[in-house]
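Shared between the two complexes below is chain A, which pairs with chain B and chain C, respectively.
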Partner chain A sequence: MSERAQLLLEIADDELILGWRDSEWTGIAPFLEEDVAFSSIAQNEIGHARALYELAARDLGTTADALAFDRKPEEYRCCELVELRLPEWERTIARHVLYEQADAERLELLKASDDAEVAGLAAKIDREEAYHRLHAEMWHGRLKDEPRYVEALEELRPLVDRRDGHTPELAPLWEEMTSVRRSQPAGTVW
Partner chain B sequence: MVTEAQVWEALAEVPDPEIPVISIVDLGVVRDVRIEDERVHVEFTPTFLGCPALEVMRDQMAERIAALGAEPEVEVVLDDSWSTDRITPEGREKLRESGFAPPTPRAPEGPQLVQLQSNGFRCPYCGSRDTALENIFGPTPCRSLRYCRDCRQPFEQFKTI
Partner chain C sequence: MIYEVFRQERKGQAFQHAGSIEAADERFAEAYAREQYGRRGESVALWVVERGSIMRIDEFVDELNRNYHRVDGYPLKEKLKEARERAGTAAPRDR
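Right after this comes the complex of A and B.
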């Protein structure tokens, strides 16, 4: 696999899995505004994953859906941070803040890439991520002196760069995420 | 033989599936139209990448072009050439009339929290600037929610991207 395809898959997997986890707050966030916010952020992240998978799929001679749903859990390249189910609000916000910081740094590098397709898509994604960063910034401002939030930041920070394996939480998420697709015969067009 | 002008005219009748008061031409998402023999090539830039209306827009454009007797070829361009600054003045007016506050011009440094929380945004119902941010996120990826303290009306503000 080319270096470009590997990189695209790494980012796409991060965005898909995080989008899935973020969507778990739909309907049960602490208040209505956050139901809407996390649902909207999840929708954006999965939209970014789709665009990145489409680019990778062209290089690899496959489809975006096949990359998103037909690989085995161990083949995903996402970081451990995005895999965890975090039913505690302060840990969800800590992940949001850590992920958006790391993603912003990654997008800055990609925007400066010599590869015009990657740079163009990164710039488009970055325009949307700007609103995720504002949301993260707002919540960081509210919680930054809360001990439980500060602990969550410390606990989760090392997981941002951990990509050499997976947490035990990825496999059950994968089961859930791919169940509809696996229930259909291979090659079904969606 | 179809002309470019006919294609633009046909595309101007394709409504935005989520905000049907505005057409995709008003929205500025049609970047280019080229005629190559019987084929009509359209470059289309999505607004937000997660927008579920993307496929609907693409299929409706193809239908309108086919109705002109040409073969449509709609290319989805995944770069950052679309910005809310591309919404036409007519498009902005149509949005305002329907209760959506049009996007503010894009600043080089992008959106800032302090700016969104300021009261520089105008209510599309009464014109007051005494409006407050309720939620950065709204019913679709492209909109935020604000509240007008003068006419006490919540309204949807187009995000600037």
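Right after this comes the complex of A and C.
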């Protein structure tokens, strides 16, 4: 697999899995305005994943759906941070803040890439991520003196760059995420 | 805090009340207003204003019933009916 395809998959997997985890807040966020905002962020992340998978799929001679849903859990290249189920709001916000920081750095590098397709897509994604960062920063400002939030930041920070394996939480997520697709024979047209 | 949101659909058009949002402060209000009233391309601009900053006026004293100040001060309906009866012509809808 080319270095470019590997990189695209790494980012796409981060965005897909994080989009899934963030979407778990739909309908149960602390208040309605936040429910709408956070669900929209989750949907954006999945949209970014789709665009990245499409680019990778062209290089690899497959489809975005196959890359998103037909690989085995151990083939995903996402970081451990996005895999965790975090049913506590302050931990979810801590992950959101850490992820957006790391993602901003990554997007800056990609925007400067010699690869025009990658740089162009990164610029598009970054325009939406700007609102995610705004959202992350305002929550950070609100929670930064809460001990439970500070603790969560410390707990989760090392997971941002951890990609050599997976947490035990990825497999059950994968089961759920791919169950509908696996319920039909491979190659089914949906 | 409650913030009222007004949106402008196209440049040059009047802003219309779109709804309200609950937010802890102005930054949250901005983020939520963008999410709920701007992200589908339905607005070219928003006004977001804390409800307490809006002056509301809803009492209009007219103790002496000076209805000639109002556009409905000269009801014509009765006079028109009488005039029609005198002339022997029915109202347009009855013809």
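Please note the rule applied: the second predicted complex is superposed on the first by the 190 of 190 C-alpha atoms of A that agree within 3 Å, B and C clash if a C-alpha of one lies under 4 Å from a C-alpha of the other, contacts with A are read in each partner's own complex, and residues count from 1 in each chain.
In this text, a contact is a pair of C-beta atoms (placed from the backbone, for glycine too) under 8 Å apart; a residue touches a chain by one contact, two chains touch by 3 or more.
A quick note: this is a predicted structure, and the numbers were derived from the prediction, not measured.
Asks: So if we stack both complexes on chain A, do chain B and chain C clash, or do they fit?
Replies: clash
Asks: If we overlay the two complexes on their shared chain A, which of chain B and chain C does A:S40 touch? Say first, second, both or neither.
Replies: both
Asks: Kindly classify A:F31 by the partners it touches after superposition: chain B alone (first), chain C alone (second), both, or neither?
Replies: Second partner only.
Asks: What is the contact status of A:R182 with respect to chain B (first) and chain C (second): first, second, both, or neither?
Replies: The answer is neither, since A:R182 touches no partner chain.
Asks: Considering only touches as defined above, state whether A:Y131 meets chain B (first), chain C (second), both or neither.
Replies: Touch partners of A:Y131: chain B and chain C.
Asks: More residues of chain A are touched by which chain, chain B or chain C?
Replies: B
Asks: Just to be sure I read the superposition right, which of the two partners does A:K144 touch: chain B = first, chain C = second, or both, or neither?
Replies: neither
Asks: On chain A, what residues does chain B touch that chain C touches as well?
Replies: Common to the two interfaces on chain A: residues 33, 36-37, 40, 131, 134-135, 138.
Asks: Given the complex with chain A, which residues does chain C contribute to the contact?
Replies: 21-24, 27-28, 30-32, 34-36, 39
Asks: What residues of chain B sit close enough to touch chain A in their complex?
Replies: Residues 48-52, 78-83, 110-113, 116, 134-141, 145, 159, 161 of chain B touch chain A in their complex.
Asks: Spell out the residues on chain A that touch chain C in their complex, using ranges where they run on.
Replies: Answer in residue numbers: 31-34, 36-37, 40, 131, 134-135, 138, 141-142.
Asks: Could you please specify the touching residues of chain A with respect to chain B in the complex?
Replies: Interface residues on chain A, with respect to chain B: 33, 36-37, 39-41, 43-48, 50-51, 54-55, 117, 120-121, 123-128, 130-131, 134-135, 137-138.
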